[in-house]
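These are the structures, in structure tokens.
Next, two complexes with subunit A in common: one pairs it with subunit B, the other with subunit C.
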Partner chain A sequence: MLFILAWRNLWRNKRRTLITASSVFFAVILALVAESMTKGSHEAMVSNMVKLSTGYLQLQDSLYEDEPSVDHAFMYDDTLKQIIRQTNGIAYVVPRFESFMLAATEKSTRPVMLRGVDFEAENRLNEMGHKLLAGTSPEANDQAVLLADGLAERLKMNVGDSIILVGQGFRGMSAAGIYPVKGIVKISLPRLNDQLIFMPLAATQQLFGAEDRLTALLITPEEKGQTDLLAEQLRAQLDPQWFKVLTWKQMMPTLLQSLELDKASGMMIIYMLYLVVGFGILGTVLTMMLERQREFGILLSVGMKRSQLALITFVETVFISMIGVAAGLVGGFPIILYMHHHPIRFGEEMEAMFETYGMEAVMPFALDVQVFGSQAVVVLLITLVIGLYPVFKVFRMNILKAARN
Partner chain B sequence: MKTIKLVSYIIFLLMISFGLQAQESVTDILKKMEQRMKGDAMYAGLSMQTIRPRYTREVSMKSWSLGNNYSLIFITAPARDKGVGYLKRQKEIWNYLPNIDRTIKMPPSMMSQSWMGSDFTNDDLVRESTILEDYDHRILAEEQLDGYECWKIEMIPHPESSVVYSKVLLWVAKEKYFQMRIENYDEDDELVATMHFKDIKMMGGKEFPAVMEMVPSDKPGHKTVLTYHLIDFNPKIEPDFFSIQNLKQIR
Partner chain C sequence: MLIKIAWRNIWRNTSRSLTILIAIMIGLAAALMASAFSMGFVQQRFNNVIERFVSHIQIHNPDFVHDGEVTQYLTNPQEIMQQIQKNQAVKQVAMRTKVNGIIASAKVSGGVQINGIDPETEQKLTDLNGWLVKGAYFEGVKRNPVYIGQELANKLKADVGSRLVLNFQNLDGEITAASFKVVGIFKTIDVAFDETTVFVQRTDINPLLGSEQLAHEIALLSNDFDRLSSLKQQLQQQFPELEVRSWEKLSQELVLMQEMTSQSLIFLVFIILLGLGFGILNTMLMSVFERTRELGMLMAVGMNKKSVFQMIMLETIFLSFTGAAAGMLLGFGLISWLGNQGINLASVAGDSLAIYGYGNMIYPYLETPFYLQTAVLVLLIALLSALYPAFKALQLVPAEAVRKE
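Right after this comes the complex of A and B.
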């Protein structure tokens, strides 16, 4: 009965209802866009960094983190492969053998980072092949290298030239070799682009005298959100005396910190948005109360209980905000969906700046059920709190004054 | 009468000079020690054991040296590293790699790296600071070490020298003049590394410690042991022996 009354009341003054509902509607859409933008750019930042540098999870020798030397390369044997195969939630693994070396040319010697990789797995992780500038990627059993383009420039090398690599091999052995440059690749992290050399894994292990050994096994989980859980699962199965499982959060604490900071400032903006939205809705509710003072006064004087009237006004506010939130979600979804697939591109000046952070110059939007859910709930809560104002007002109303108004 | 006077005068002079000899100066001790340990030229066949918690590796080599400024090392075993050579000329190190037939000059960035996986850095090979010129020294005590009477000498490097330690303690065997132990301390006065000289025997005609152990203090289970198998203190070599040409040819 009361609900029907409240519902009818809404449509007695359509314009008023629509104005209030639409302020909720816009609030929801704004909050949605803001939140999905923060979340989207964070996701992009993380996945970019993670894919280009550490991977989501890394399996290492227990000593490698403190002293990243090839002496601490672990044996990637059948037992280990078996464990990886039998653990659920692993999409694929990327084996790496990495070490600093010296690259010598006729004129100069430069420290470089040699990364022995499985090109197929590596491409799956970061689509390295897409940025190939010249030549081709070496085959798995080639004795050849792929140079990062910044390094190639510094060494003044081209496809077809030979590069001399010298360094320390596994457990003090000498490691030296001459390899033809088979291709040149562009890496979007400038720090890496200036020093990275890729070589097939087998050739790298041979160069270092560390057959079947890896410095790190990158593990990509099927679900990115399950990274920590998967790390726990792996830790439980591996001897901590020999192995360590690290997540990207542990390997890149600075990235995590900058994300937290950015998240905090993002939250500030969203809170301010909530504040503005809240006062907007409060404004329309206030005018509504003024407009309907006489109506309420009469209703009370003809015998309606204050509690009944209060409930009706409360239900009205709930209805309005629900309409607004629902409309906001329905209206917001296509916008976010569109933006997710067609992110905003920044101009060329911005592109350079983004590149230094190793990112594509776009403003990505996250398409996440959680964002929709949380924004809807928050806006709904705000309107419910505001809905308490009419309730309070009805209980304190001076019937005579109100009815005569 | 005159002769008695003369004799007593001579006796007096002799006593003074004996007295002086008993109170031999630190500088003299160190000079004699340097002469004993390095000589002018030296040829040696030696092996180096790198001991790590997880493995032990042994490398055999031949080494030629001339004074502080020149040395040449040729690796003879293991097979994988056979033929690798190191040449030191003044402050530079050259590395010859037979499998690619190239000689590479060690860049500054590599100087702090470990030499062939041992506890010595490339810098240790080059940074031959001269004990006499770069330090202030004094005798702290006289101690017994492994059955030898030793002087314990404290050496504080001059501020302008390139020495990385803040203090070096040195034990020198009396009369024999070889080093028995060296302790290096950092700026917080903490022990960084200790070198032990052991197994003293006749080599190349003099008594000489055949084993040198390098023990870094901050890494438990890490040790590098150099063992001399033969030494010749009088090889016929000149500075031009230490050339890049020779680095490739020497066998």
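Right after this comes the complex of A and C.
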């Protein structure tokens, strides 16, 4: 009965209902846009950094993290492959064998990072980040290297030159060799671009005397959001005495910290947005109460109980907020969809700089069910709190004064 | 006359007026807070990175910028230093010897950037001592002290007092090795920096490299940040054969971050202002409808439409000015208070930030013109939002409006 009354009340004065619902509608849309933008840029930074450096997940020997020496390279054997194959949610893996070495040319010596890789898998992980500038990528069974262009410049090397690599091999062996430079590649991470050398995995393992061993196995989850869960699953299956599973959050604490700071500052501002839209809705509801004073006064004087009336006003607010939130979600979707595909571009002068870091110079918007869900809930909660005001008002109303208004 | 009526109208229904007034006040205060917070956030990151790592301006041999070879040093660094010190605009200046090398403990080795510094002047420039977590800042070890990062110490399993071997190429191109003793351990906000940077005394490293006066880098802080580009030009003219670079050029990563953060924060502030606009629009609209009868009465007794329109606009102007003034005061008060107190982002982002200790305190601040700009913008929004409801009021048909309850 009360519900029917409340529902009828809504449509008795459509204009009033529409105005209130529209204030909720705008609140939802603005909250959606703000949150989608915050989340979008956050995700873009994560995936960019993660793909360029550590990957989402790494499987390592349990001692490698504390002491990243080739002595702690682990055996990538059939048992391990079997476990990887049987774990759900893994998109693909990227094997690496890497170590610091000295690279020498006739004129100079520099410390470099040698990374033995499976080129196909690396490209899958990050096609944007590696741009071949000259020559070709070595084949899987080549004894040749691919140089990062910053390093090539510093060593003054070109395709066809030979480079000498000297370092410590696996368990006391020495690792030294001379390799032709087959190609030069640009890496969108300046710090790595100055020191990285790629070599086919097999040749690298051979150089270090560590056949079938890896220093790290990068694992890409099918769903990026499931990274932590997948890490847990793998940990459960592997002997912690021998293996460690690390997530990008553990491997790049600085990145995480600056991202968290960014996120926190975005959140601060979104709270302020909630405050502002909350007051917007409150203003509408307050004015609505003024308008209906006479109506309520009459209802109360003809014998309706205050509690009944309060319930009706509350149910009305709930209806209105649901209408507003639903409309906001429906109306916000095309906006977010559009922004997702046509993100805001930064100025042209920024583009070159973004490109250095392998990023597109845009402010990306996330298209994520979670954004819709969380913002709907938040705005609904705000509205329900505001909906308590009419209830409170009804209980305190002076019937005679109100009816005469 | 109209002004008088409008003014009386406002106070005739205090609760309605207060609602609008408070909405504008809170909206403006929130918008100001959001801007001040963004400025504080960007500034905080700047202080952390520029003042403690990069400095305002750095001077190098142009070849060193390109290749970073130890042989590409500054000629006559003492003389350059003296000339720079004479410049009134320079607050603090220090020079460094820089060479890439490998640091090794008994078990593990890693590539590092070796910085030869004069501990006292360096301390004045970058407050290097401020990052100390263990041991002392170049005190207590007579020969070959080395100041290393926490991350590197962990990796090398080194502690204060440990001996470490540094390998690097000297000016003649020969690989040199020397034993250093850990004097202190530092921890900055940048884990990668802590893992790859070590500090030694110039007086120790220079003889090993083969020249007592050697220096590769001169870094300085300016007295007047706003006139940095003119200082940079001045220095470039003074030393045409050297490369003088300011922080924008030195830390492109920071410029990029700064750009992304400030763009997204500006976007969020814009969204807040939109939210404020919709809030006012809806409240005003509701208030016009609530007053249908009253406005209809005014028209029926002969007030022309133009006057009704003007009256509503005048009311809005009064309300907005009062609200804006109150909002400015509230915003100013809040910003000044929080500017002293600081906002701890860890309380928003949760524990993940608390462990870092540094860099999560934000001190909001806003320059005076910004207050005025935002206030003008909010007033404009308020007036624009009032236009539509005022037009709506014009469309009322007096005969119908009067009859409405």
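Basically, the second predicted complex is superposed on the first by the 386 of 405 C-alpha atoms of A that agree within 3 Å, B and C clash if a C-alpha of one lies under 4 Å from a C-alpha of the other, contacts with A are read in each partner's own complex, and residues count from 1 in each chain.
Rule of thumb we're sticking to: a residue touches a chain if its C-beta (ideal position, glycine included) is under 8 Å from a C-beta of that chain, and two chains touch if they have at least 3 such contacts.
Everything numeric in this text was worked out from a predicted model, so none of it was measured.
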| item | value |
| --- | --- |
| Fit or clash - subunit C, subunit B, common subunit A | clash |
| Greater subunit A contact set [subunit C / subunit B] | C |
| Contacts of A:V377 with subunit B and subunit C, given as first, second, both or neither | neither |
| Partner chain(s) touched by A:V276 [first = subunit B, second = subunit C, both, neither] | second |
| First (subunit B), second (subunit C), both or neither touched by A:L102 | both |
| Which superposed partner A:L2 touches (first subunit B, second subunit C, both, neither) | neither |
| Which superposed partner A:M173 touches (first subunit B, second subunit C, both, neither) | first |
| Touching partner for A:V385 - first (subunit B), second (subunit C), both, neither | neither |
| Contacts of A:I164 with subunit B and subunit C, given as first, second, both or neither | first |
| Touched partner set for A:P111, first subunit B, second subunit C, both or neither | both |
| On subunit A, positions contacted by subunit B and by subunit C | 102, 109-111, 168 |
| In the complex with subunit B, residue positions of subunit A that touch it | 71, 102, 104, 109-111, 164, 166, 168, 171-174, 176-178, 209 |
| Footprint of subunit A on subunit B - complex, ascending | 50, 52, 55, 57, 59, 78, 80-81, 84, 95, 97, 99-100, 102, 104-105, 107, 109-110, 113-114, 116-118 |
| Subunit C residues within the subunit A interface of the complex | 13, 15-16, 19-20, 22-23, 26-27, 30-31, 33-34, 37-38, 41, 45, 66-69, 100-102, 107-111, 154-155, 157, 169, 173, 175, 189-192, 252-253, 255-257, 259-261, 263-265, 267-269, 271-272, 274-276, 278-280, 282-283, 285-287, 289-290, 343, 345-346, 348-349, 352-353, 356, 359-360, 362, 405 |
| Residues of subunit A that touch subunit C when the two form their complex | 15-16, 19-20, 22-23, 26-27, 30, 33-34, 37-38, 41, 45, 66-69, 100, 102, 107-113, 153-154, 168, 190-191, 194-195, 253-254, 256-258, 260-270, 272-273, 275-277, 279-284, 286-288, 290-291, 294-295, 344, 346, 350, 353-354, 356-357, 363 |
